[in-house]
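For reference, chains read A, B, C, D, E, F, G and H in written order, and residue numbers begin at 1 within each chain.
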Amino acid sequence: MSQTTTEIRLAGSGGQGLITAGIILAEAAIFDNKNVVQSQSYGPEARGGASRAEIIIADGPIFFPKATWVDIFLAMSQKACDQYSFDIKNEGIFIVDTTYVKQIPTSSAVAIPISSATREKFGKELFSNIVALGVICEVCKVVSAKALKAAISNRVPAGTEKINLEAFAFGQKLAKEALKNHNGAENEAIEADT
Amino acid sequence: MSQTTTEIRLAGSGGQGLITAGIILAEAAIFDNKNVVQSQSYGPEARGGASRAEIIIADGPIFFPKATWVDIFLAMSQKACDQYSFDIKNEGIFIVDTTYVKQIPTSSAVAIPISSATREKFGKELFSNIVALGVICEVCKVVSAKALKAAISNRVPAGTEKINLEAFAFGQKLAKEALKNHNGAENEAIEADT
Amino acid sequence: MTKKSTLPTETGSSEHPEITIFSDWCKSCGICVAFCPKEVLAMDENRKVFAKSPQNCIACHMCELRCPDFAINVKEVEKQPNLEEES
Amino acid sequence: MTKKSTLPTETGSSEHPEITIFSDWCKSCGICVAFCPKEVLAMDENRKVFAKSPQNCIACHMCELRCPDFAINVKEVEKQPNLEEES
Amino acid sequence: MISNSQLVNKYFRHNKKFPHIWCPGCGIGIILGNMLRAIDALALDKNDIAFVSGIGCTGRAPVYVDFNTLHTTHGRALPFATGLKLARPEMKVIVATGDGDATAIGGNHLIHACRRNIDITTIIFNNYIYGMTGGQYSPTTPHGDKAYTCKLGNIERPFNISQLVEAAGATFVGRTTSYHTLQLQNIIKKAILHKGFSVVEVITHCPTTYGRINKKGSAVDMLRWQKEVAVDKSRADKMDPKELEGKIITGVLMERELPEFCEQYDTIIEEAQNQQQGKSK
Amino acid sequence: MISNSQLVNKYFRHNKKFPHIWCPGCGIGIILGNMLRAIDALALDKNDIAFVSGIGCTGRAPVYVDFNTLHTTHGRALPFATGLKLARPEMKVIVATGDGDATAIGGNHLIHACRRNIDITTIIFNNYIYGMTGGQYSPTTPHGDKAYTCKLGNIERPFNISQLVEAAGATFVGRTTSYHTLQLQNIIKKAILHKGFSVVEVITHCPTTYGRINKKGSAVDMLRWQKEVAVDKSRADKMDPKELEGKIITGVLMERELPEFCEQYDTIIEEAQNQQQGKSK
Amino acid sequence: MSRKSSYQLMQGNEAVAEGALAAGVNFFAGYPITPSTEVAEILADRLPANGGKFIQMEDEIGSIAAIIGASIGGCKTLTATSGPGFSLMQENLGFACLAEIPLVIVNVMRGGPSTGMPTSPSQGDVMQSRWGTHGDHPIIVLTPATVEEAFQYTVKAVNLAEKYRNPVILLMDEVIAHMRARVSLPPASMVEKVNRVQPNMPPEWYLPYERSATGVAPMASFGDGYRYHVTGLVHDAKGYPTANPNECRDNIRGLFTKIERGFREICMVDYECMDDAEHAIVAYGSMVLSARSALEQLRESGCKVGLIKLGTLWPFPRFALEQYLPQLKTILVPELNMGQIYREVLRVNAGKAVIEKLNRVNGTLITPNEIVKTVKGLIR
Amino acid sequence: MSRKSSYQLMQGNEAVAEGALAAGVNFFAGYPITPSTEVAEILADRLPANGGKFIQMEDEIGSIAAIIGASIGGCKTLTATSGPGFSLMQENLGFACLAEIPLVIVNVMRGGPSTGMPTSPSQGDVMQSRWGTHGDHPIIVLTPATVEEAFQYTVKAVNLAEKYRNPVILLMDEVIAHMRARVSLPPASMVEKVNRVQPNMPPEWYLPYERSATGVAPMASFGDGYRYHVTGLVHDAKGYPTANPNECRDNIRGLFTKIERGFREICMVDYECMDDAEHAIVAYGSMVLSARSALEQLRESGCKVGLIKLGTLWPFPRFALEQYLPQLKTILVPELNMGQIYREVLRVNAGKAVIEKLNRVNGTLITPNEIVKTVKGLIR
């Protein structure tokens, strides 16, 4: 991952809220005093197809708004995983939601059943995208947890801040457990305030 | 009048049928084996304004379709007379319908009360345009009376051929009388067949 | 043409309504003549309207209301209009 | 995806109508489940429909007619359809 | 009653515009004159009147009169007028439109203006034909009649404009003819005073095109026909349908009260501003 | 009755098109399926069917089915279909169109197709909103309801489509919902068999936009609502207006016989050819 | 219409209608507009007599939609309009380009913009005819300069539309549309008629957008047993919408390829007195008439002037200029607009000759004398 | 919208809406269309809260008609659309040009022609924005390359519209419209606002089309006591239709004059690394983003390359090129179309530098790397 520029791609299917997640991530980057550009691809005009959000975070100026060499990739559907993983850096971070991604293209992937865990915990998958943010935060540290929490509170519908923050924390927790297995090493549990 | 090219302009107001007269004249020229181009100007989209038809008759090719140096000018309204007489050749022929043209710009004009004479003779002015063709035929001989008669029969509504030909003959007669006064010389009464 | 140059052709005496025709505007459609209930109006040989029998005018204003060209004007002498039933 | 690759998930025995669900096409809207008059259908944990009580199926075909995704199929065993009154 | 001279003096533009472009006997001038009389009777301020038209012989009406006048594109007078009205709700907006302008190319805008019930008065000059372009059939040309694009007779059926605009949501519908000048004034007055979208259909005559190809005689003959076929609504209500065949019912055909668009928008502004204040507090 | 498998086998295109693009629970698929069942019941030849649409979620229907399919521009399905029908009068032309496609941008073509009474069957998928563009209000969004361009509530009144098309001249008008699948099949069958312009309005649900912003619940909830508000015409005719408030009357609302456009045009051709022969003799 | 002699008097618009009939047009949908209305009026009479169909639509959007529909039904179709109507047709014109539907639009240009000068001549729509619809697309635009050409070019327009499965615009000035001239038209049997290529494979094999060697795919008519899909979305060879970048590229680029392949056939250019010319007038439409008159005078007075007459405006026949650039000192482009083809001439010229424009936008023509004067001024 | 910090995350379409509000736009009429719909949705919320008005019309023809009407009523107006809607607006756009009505049309370009690729980026409407309506007319077209510029150029568009009594097009690629970026917007009070000049003479003296020294006539609002006539016919200084050739000429030529007078103010061009450049990239919209990335790499590897960034497309800022032509060997024009501004560059270049194009029409962007490769190939 380059020092100054991080390219993140969140991919899944229509209703999973990944665009919102991308926006929150981007806003968090601003709260962290970074430069950021966020973009998304739409499928055909209608709903339900594959969905993709990209976030480029940098210290300096960002020109080209699309990811060209992805540092962090989150796949929340098999189709998205197959379709959008072609330009991940070798040393890039690969996170998959094993609820929907059954064929994982690399053994180095951080594999977490994000959606099913969310459903178990909160009764519905609605918060999977925020849980995913918790995961990303924990796995990559590209934006601070503090900034992410602020961005979440700012963007989610009024009245749902608390439960969303819980979802975020839940994601962090999931990630920590997974990383333990994944890396065989314990990750720090404290928030990476900057 | 040049040997090879004759520019004719018929001008009056909306309902006088001068476009039709122009078309008949043009068609007659074809029957006379000449080349011809006919054009007209429209006022604003609606009716009632000034109306103008131009006919260029030549032995050879005709390029530019608008009159630039008029040989024969017929004015059937004062407005048309005032507006469209600026580019008449000095030696050009100037015919005015004195029913509507009270101020005649040149003393050399052939002045005939075409409309009122028509009304007197036929009860309505409807045939004034054909009467005018009779006048033109007689005064200028640019197309043959035979061709003109054929063209009239060809273009007027079925069933009205006879009365229109009468109107044409009446125009020829009017012209002859006028020319008598005008030139002080008798014109030949026979048809100029070619 | 401005209104000023339009010379009224005919006016009535002060006993009956004053009928003015702006003949430059009149297009000789004959509507006023046809629908005048008192046959006040007529067409001259140049197909312009004139008041043939101004004395018969009852100032119903039907010619005025129906003239498409605003070319006729009826001015009653200190009387209220006498609007005819139309239909 | 072509039809061939869509594997039917469940079929009934020959006593009751044969219910087939093309789960690749099913979008988990729940319409078939909700409007089945006999509560034959249910949603599994992956939110895909399956025939929970196929034996209760009366072959009214309401699930078939209302599935927006052409993902459910009911084949009666040599019987005429039994179309329910709708309104 | 205001005389023609007074009318011309008070409402016409005093430059190079007369005589107007309409053919001898054309009904457009009659309708325009009586519209002005109606406006005069209402004593409206000329500055407050916007007179909007589309393209066609009818569309040429605004240029002559001394209001705020807007001569738009073919069929589009109503959306122009809608924008203007919403921008200036205090103005009286009157639209003059031909049958083609209003119901052929402009048909969609007409039904949507009806639906929105925006406070605009639309006068449809229905001469059964496209006059300006020389006499092609229009959506109101009677079945079987001729025009220069249906010389063998029109196979399409005409719109019943009044029914159409009522179904679309207009809240005032009047109809009369160019012969019935007093009724015309009357209906236009009511239409202008009506709060909401009002349509006044005026059956009129185009002697030059429709009249000629259908052998309907002179302008005078065509006016006579209008006189004959018109039946006032009050009378028609008492007649049986058989008798009414071939007749045209005139008068105020429908009037109802429904919330007007601009007024409703004001409530939206109020609500939005309240919400915003709520937020910024 | 044809089963879904048979339907898919017989009428769907067998390449890369499934699952279709519509959202989970969307009513469009339901209507499409039952339209196909109606066509199947009529035993029409697929080669003789042209299935035409405009733009919108609804507009995506034709691509899936194995007819002659034409996906036109937004609002213009009807004039495309008109040209096609007149060129190929022997074909059955069916138009699928959304409420926006049919009555917003396409409103004019709709009323003119009605007026011409051309033999086309138009199915209006009325989900009260612009689905494809993400939920802006349409000319059928109920007064007061919300959409993403009227979050404070719609101040416009909706068209009553059935009234509008009847006033415009349609000769067959039917209405039902996506819940009432058998009635839907039935009405579509009748509409296709009807000679002339037929309109079938199908009240349907867009859970993704209209449903979400108006808190109407899931697709299932919205179908339940359709079930509740629908009253069959035969029943409604016996009910009093009060009872019918908030209800939607379904069934064949109107049917009449009037000369069809293409057939009338054939008489024009005959007459023109007779005249020409007369001339050349 | 029985011919009384081999010569007849005919109006430009009438010649268009005759050309359409001669080329086999059997469907017209339109909405009247000055100065094109005569085309509709004549075809309203003549089409049914020939078994064809005429329909007057509610507007120009509907008109072009109807001819697209009819063309898909297998008819040869044409509509006629003028600026305001042509503007309204742009969206569906783009549909016809992308869906590759043969049709002809006659646009009789009048003074613009907007309602403009409805009865005055103009050449203001030249660039619009190329670029009026959104998105990149090629188009064919022909412009006749005489009444006889109005006939010939209409035939050519119909034939090119059929051959290339592409909309063709016949752009005509009001002058040509409304002037009457002596013409001698060929008998219908002598007129070349091109019909679109129909598929001859079994329906299951038919790919409505698979380009053959000519770059054009065969086009089946609806109802003929080839059930296929037509859409305004970018599509694959089957006609189905696609978002695959390669298929999208093939779709859009393919539109250009077919026109490029036909470039020489599509481009009609006439050269008059160009062999020894050191100065050229580039003209089209009515300006050809002025230019020809001027040419006569200029040659008489010894000026080495020639005329490049563009019959095809788009694709722009660049070779017509390029081949003469080595010998040319100056080029004059007279136009009834503010200089539209002038821009193309400048581009192709690439700095070689001196390019001058002569423009008029007041509703009147540029006269031969004005051209003579300008050319003489240029030559000095 | 209260600002939480001086920086915020904002989408291009949102920036347009904010720019419109900042510039004083108080009337919007529109019809939803991807990918511009967000502009309408945001303004539907924000306008009434600011006392402005939003109306959703029945189509795009009605939308532009409504904003013309509202502009005549004195509002600052804007609409937003995409290709298909923009095509439908062309007729009334011509009306606004001829009647000189200030308004702004935001056209967020998507892949075309026709329905095309509704959610993919494209620059296919560049020529259409100049030539889409019939008849000769000038127009102003701006195109932002970043979210911040989307704000700034919208303000500029509104101001130019008011100042020149002319429609202004804000042409934006889908990429800019839909991307979100960190921006810092000036407070509303710091935003320059231009209002159309209103007449200050007595109403009887007012001539709505008599050009002042700037070439622009003052514009009264309907209802303000200046009763005048607005028409789409060619008109005299009073606004009345005319067929007088001199008045017609004055009307049409006057439209051009006012824009020519403002040429330098209207043209926004940025130059990056041009001082010593021997090679230039001419880019606009999203291609500026690719070009800037490429430029960094190219300069790093020692290539003397610069960037000419066009913010104004029409009138085409020819001087931006001309001044550098003496020093340039090659110019690359990357575009998401088949080469539209490329034609302009060729014309202005007049044979001097080597001009190369790089085009893409498949719904994807040209990447920085592709530009780097192409430029290196050009330099050899």
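Keep in mind that, in the parts below, a residue touches a chain if its C-beta (ideal position, glycine included) is under 8 Å from a C-beta of that chain, and two chains touch if they have at least 3 such contacts.
Quick caveat, the model's predicted, so the values are computed rather than measured.
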Excluding subunit E, groups that stay connected where the other chains sit: A, B, D, F, G, H | C
Mutual neighbours - chains that touch subunit B and subunit D alike: none
Subunit B and subunit C: spacing of chain centres that average the CA atoms, whole Å: 37
Length of the line joining the C-alpha centres of subunit A and subunit F, rounded to whole Å: 43
Sequence positions of subunit A contacting 2 or more other chains: 43-45, 48
Sequence positions of subunit F contacting 2 or more other chains: 15-16, 22-24, 55, 71, 73, 104-105, 107-108, 112, 132-133, 139, 152, 265, 268, 271-272, 275
Residue list for subunit H, restricted to those that touch at least two other chains: 34, 45, 48, 58-59, 61, 84, 91, 95, 114-115, 118, 231-233, 241, 243
Residue ranges of subunit C in contact with subunit E within the complex: 1-3, 20, 24-25, 27-31, 34-35, 61-62, 64-75, 81, 83, 86-87
Residues on subunit E engaged by subunit G in the complex (per definition of touch): 55, 73-75, 104-105, 107, 130, 132-134, 136-137, 139, 148-152
Residue ranges of subunit H touching subunit G (in the complex, touch as defined): 61, 82-84, 86-88, 90-91, 94-95, 97-99, 109, 111-118, 120, 122, 124-125, 127-128, 130-137, 231-234, 243, 245-246, 248-249, 252-253, 256, 337-338, 340, 343, 346-347, 349-352, 360-364
Of subunit F, residues touching subunit G in the complex: 13, 15-17, 46-48, 50, 52, 55, 62-63, 66-73, 76, 79-88, 90-91, 108-109, 112, 265, 268-269, 271-273, 275-276, 279-280
Subunit A partner contacts - residues on subunit H that touch it in the complex: 4-5, 7-9, 34-35, 118-119, 175, 178-182, 286, 289-290, 292-293, 296, 365, 367-369
